[in-house]
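Pasting in a structure now, in structure tokens, and then I'll have a few things to ask.
Think of it as A, B, C, D, E and F in the order they're written, each chain with its own count starting at 1.
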């Protein structure tokens, strides 16, 4: 093997966009082997393992941090446009360097720790927040064969590690010794515990149908097309659609996004658990929230939107990993769209929504999925499944919302 | 020099050594010790959380991946949170301290602590004795197979061999949920 | 019935003959003549004005304190929402400006007087007896004087902050030195 | 941090404000909470106190006019109107017809922009990320542009004078205003589509901060807040000041008295204001805009006192003026609707959640410039 | 169509219309009304006002309309005007200001000085970029900075300036007419006096004679 | 030897739990101690499973799973009781909760 051969392989790799990341990884490994041959030693397998791991870690972190940077400016752009403003357009072309400016600002800001704060915990909290967020992306399948760790208990792993962020929010809120912070922390925990249930339940439904907890297996189960054009994604089934919406809302709540941003609800709690954080620590929280949001939406893509599968058969020429990121971008856009539209829930309403609406609906979706599974995937199964989710939806919707609150139940009198 | 380098390289680095599980075990014990000893309740609970995480990792290191993740999910995600919540909801009031009947006996507290510690130590000694010196423990233990527990097998086992316990657990959990909700419900002020 | 100060006065006289209440003329073109009620009878009269089925002055819109050279006054502008009439102006007078500056609070009758009576207490120093929560409203609790009194003198260096305006003010206030 | 009160409940005292995102300025509430439920609430005022009433006693009668702009800085023109009306009562000044119509036009446009801004603000208090606020401000901006074309300033108009208005409508202004008001119902429909059906908004507003008509009257509430409680009381109808008796409009009132009624009442009032404006545009006569008998300099009303009030966008805005016949007011007292509408804040808030406090405060629609004066 | 969640759905549609609509709103008419300030400048309406300035006709020294009557200083509600009357070398007061300062950190642009000025001398400017790094001296505008020509006044407030000029012209004409009348009267009186004197003179010799 | 080491670790963990349960008067600390002891038990199950002759039977794993479920239920009910006790007695001191003594 020599360097020229390696160089020659680059155009070859570029010709196969489908497996571009995989081939790139192989190229790096070969490059390391070649470097070893230069020194005159046979590169032992553990070095290659190490390099392999490092490449994957660096790639995932780099991709997610770049996405975070882009998202932070894109979100503001979309939000601004939805509000008929221009959004950031002063730093660089179309404001694209805004994240850089933000980063510099965050890094150079004074790091303030309240005098009464529990300093150790106050320091640890952002780290504890970031670590699970950065671990989560490892198990998402980004493309065919492109998964960092193909765990057989992947979904479980996701929820188990994701539980760490709750602890971090509690640490942040409690250590600040600020009433707003502690209220925000309490809200965060209450909210996360409540929404963990529908979140896990809707994932369980998919695991039930796909028969596996492995993300790759779930994506593979959604491959293929009905009638030659209709993708077999779970979101296009009645139960899958309901579970997907439930998962989406639970994911909003888990990542503290509007309309479930009660823990940092700025109109009541100033900034909740983030009130006493500034500078780099605040940036870490911010980063962790966004990366966590990407991760949980990546899981949504994996579970319901067919992961890296192309939506239509003739679109398969686009590499699979592109599809994953396109779907992720669409979800990110929808998050901002929701944020631009909705007011925030109140704490008790949010809990009621979780326990009285989301949880029963997730059970209904579970039954519906079971019916779909056993009644066959034809029209009959489709119909039964649809009825099984539609009836609870309208019933719960009526009893939870319409019965209590409706604009139609008000009368206004006029006097001349 | 070059030979030494070659030797280091030649070590079986890609196989995790047997003793690696001692790291999470150590973290776990430290966490548990801190959880027991610290005065600040929140710090206790946080150390307990650390201990739980390390215990989960230890389970994984021992090959029980599924149990490890369940441990993380249940203990870190739920139990630790419940404990933290309970600590915040039950601040130690001044009233409680002053009305403490045991306060009248100055030494009783220290005495109780010493007694508890003695009992715990005795239990520990007897347990360690049983583990290391009892003839039963010295019986030949088969060398560790590469024991793994595939998720599918666990699932099938749950629904085939242990279906009744599973259902009983489900009922128990439901009962616990309702019971806890009823217990914690605030009584209507008359 | 049309509510005018005179009709109200007659009604009060008829119902509460012992109440010391008189009509005060207002020379202004506005013609808003007022009823001066003695402070000891004010609460009773107020209750009557609010509850009497003919008057139903249920809405105390405005309460203001006025500083006159020898006494302080609290002026209540009453309206009747039920009859859509008003205003009936009710005044009470303190004995003097400093030692005997108390008046009965009408907050128990009209809750709306709450903040405005506090304000009058704060800025004019009228002590309203029977007010549920008589604290300063706008000035801070440590403040001692009552700034709306005519004899109030603002301290010179009060929260002093140098502005170019200060210099100009000084020059304006001392025009003799320029000339 | 936490403390046990006599009743045995574990409570938490939080000072919301004066630096807080949704207190509409520098307003502070000392809130005692049991969990997230409010058990006690004490408003604290005075952070924006300028002693406007004292300042006015040192200025000429006209000199206080620009200061009234700064009371309720969202709707300065109606403040001007209230003051001018009170002085006109005090001095017995007649106002020419054209000036009255101009007053009605700018006053109702002020009401529209105030209520529009309210729709945005209350959504902000509910935690929406400013979309409604931006739509509202977009439309408000267009009205402010019209104001700038008329009075020279977007907000600090200083437009009314005793016995009329300061300057006549510029050429083409009336047509522009009429054309703009034509487009307003469409915007309002869009806004209603955006807001009034939203389930989250409904559940946040309905049944929150309910106030009975009886308590509302006793507590001195006024304006839309009073009418939301079901009281039919509009000073434009009751006093019939200006040329309002000549204009046909309806007074909406609610039936429940909660935040949602207050919210909807603003929308209904905007629609009525549009009706009024269209009539005023059609009826406005030519003529003088200022009573020539009134002097600009050295204005001295006769001895006496007067209380004049108008139906401001936020409620009853009254001025109690006492004159000793001099160039300066002897006593100048404002009845600020924002302050007095806060009288019942505690009654509305106790028993609700902390998030509701913000919504209730938002539904009362206060401006701190007016509360603290 | 009133299924649970329909209100939220409608709201989402509205925000989406605004989101995409703002990209097709190049005319800056309906949705995007933000002005990109340093590049785009607002076209101010004629009535727009910010801070006062002093009008002069022709020459800034001689044509200054202000006569230092101090009415605006007295009427100004926040008292931000300072005027000192000029004197000639003999110490005699002149009808022009020596110092005319306006503290625009205090001025609130209420226009009361303009209304009270009997000499049409002080008028409202529409400048809006007056920020500075210094809170003190640069925010007190002296006479030199306040003096602006009548042409400038015409350029910012054409209608009002034309009215003012017409008023001044009318006043001037009236004054001239009065002066002329007075002059004529004087002349007539003089002539009469002269005639009388002449008559007297003519009569005197007669008498003397 | 490895089994013994793991069992010893588990024994130490158990005794920490026991220590907390016996010496601390705060009910929450008692609960923490119980959780630690349950964790030690789980560790034992896993250890015995790993070194059993038939690991494919998964008996230890099953036990551990059920034990975790039970522990969760126990924690929920226990903490609910603690909160209720605190509400009545204004204290979480186990020495104060003597009303059931009779």
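Here is the rule we go by: contacts are C-beta pairs under 8 Å (C-beta built on N, C-alpha and C of every residue); 3 or more make two chains touch, one makes a residue touch a chain.
Quick caveat: nothing in here was measured; it's all calculated off a predicted structure.
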item	value
Selected interface, C-D versus A-E, where C-beta contact pairs are more numerous	C-D
Chain closest to the middle [Cα centroid of all protein chains]	D
Longest centre-to-centre distance from chain B, chain (CA-based)	E
Separation of chain A from chain B, taking each centre as the mean of its C-alpha atoms, in whole Å	30
Computed distance of Cα centres, chain F from chain E, in Å	86
Length of the line joining the C-alpha centres of chain A and chain F, rounded to whole Å	34
Separation of mean Cα positions, chain C and chain A [Å, integer]	62
Multi-chain contact residues (two or more partners), chain D	4, 131, 135, 138, 194, 196-202, 237
Chain F residues counted as touching two or more neighbouring chains	90
Interfacial residue positions of chain B with respect to chain A in the complex	5-6, 9-10, 13-14, 42-43, 46, 49, 53, 56, 65-66, 69-70, 72-73, 76-78, 80-81, 84-85, 88, 150-152
Contact footprint of chain B on chain F as seen in their complex	2-9, 11-26, 28-29, 31-33, 35-36, 39, 42-43, 46-47, 49-53, 55-56, 58, 61-62, 64-66, 68-77, 79-84, 86-87, 89-93, 95-96
Footprint of chain D on chain A - complex, ascending	79, 82-85, 177, 179-180, 182-183, 258-259, 261-262, 265-268, 270, 339-349, 401, 404-407, 410-416
Chain D-facing residues of chain E, complex	4-8, 10-11, 13-15, 18, 31, 33, 44-49, 71, 75, 77, 108-112, 115-116, 124, 159
Interface residues, chain A side, partner chain B - complex	41, 44-47, 49, 121, 151-153, 156-157, 159-164, 166-167, 170-171, 174, 182, 186, 189-190, 192-193, 196, 213
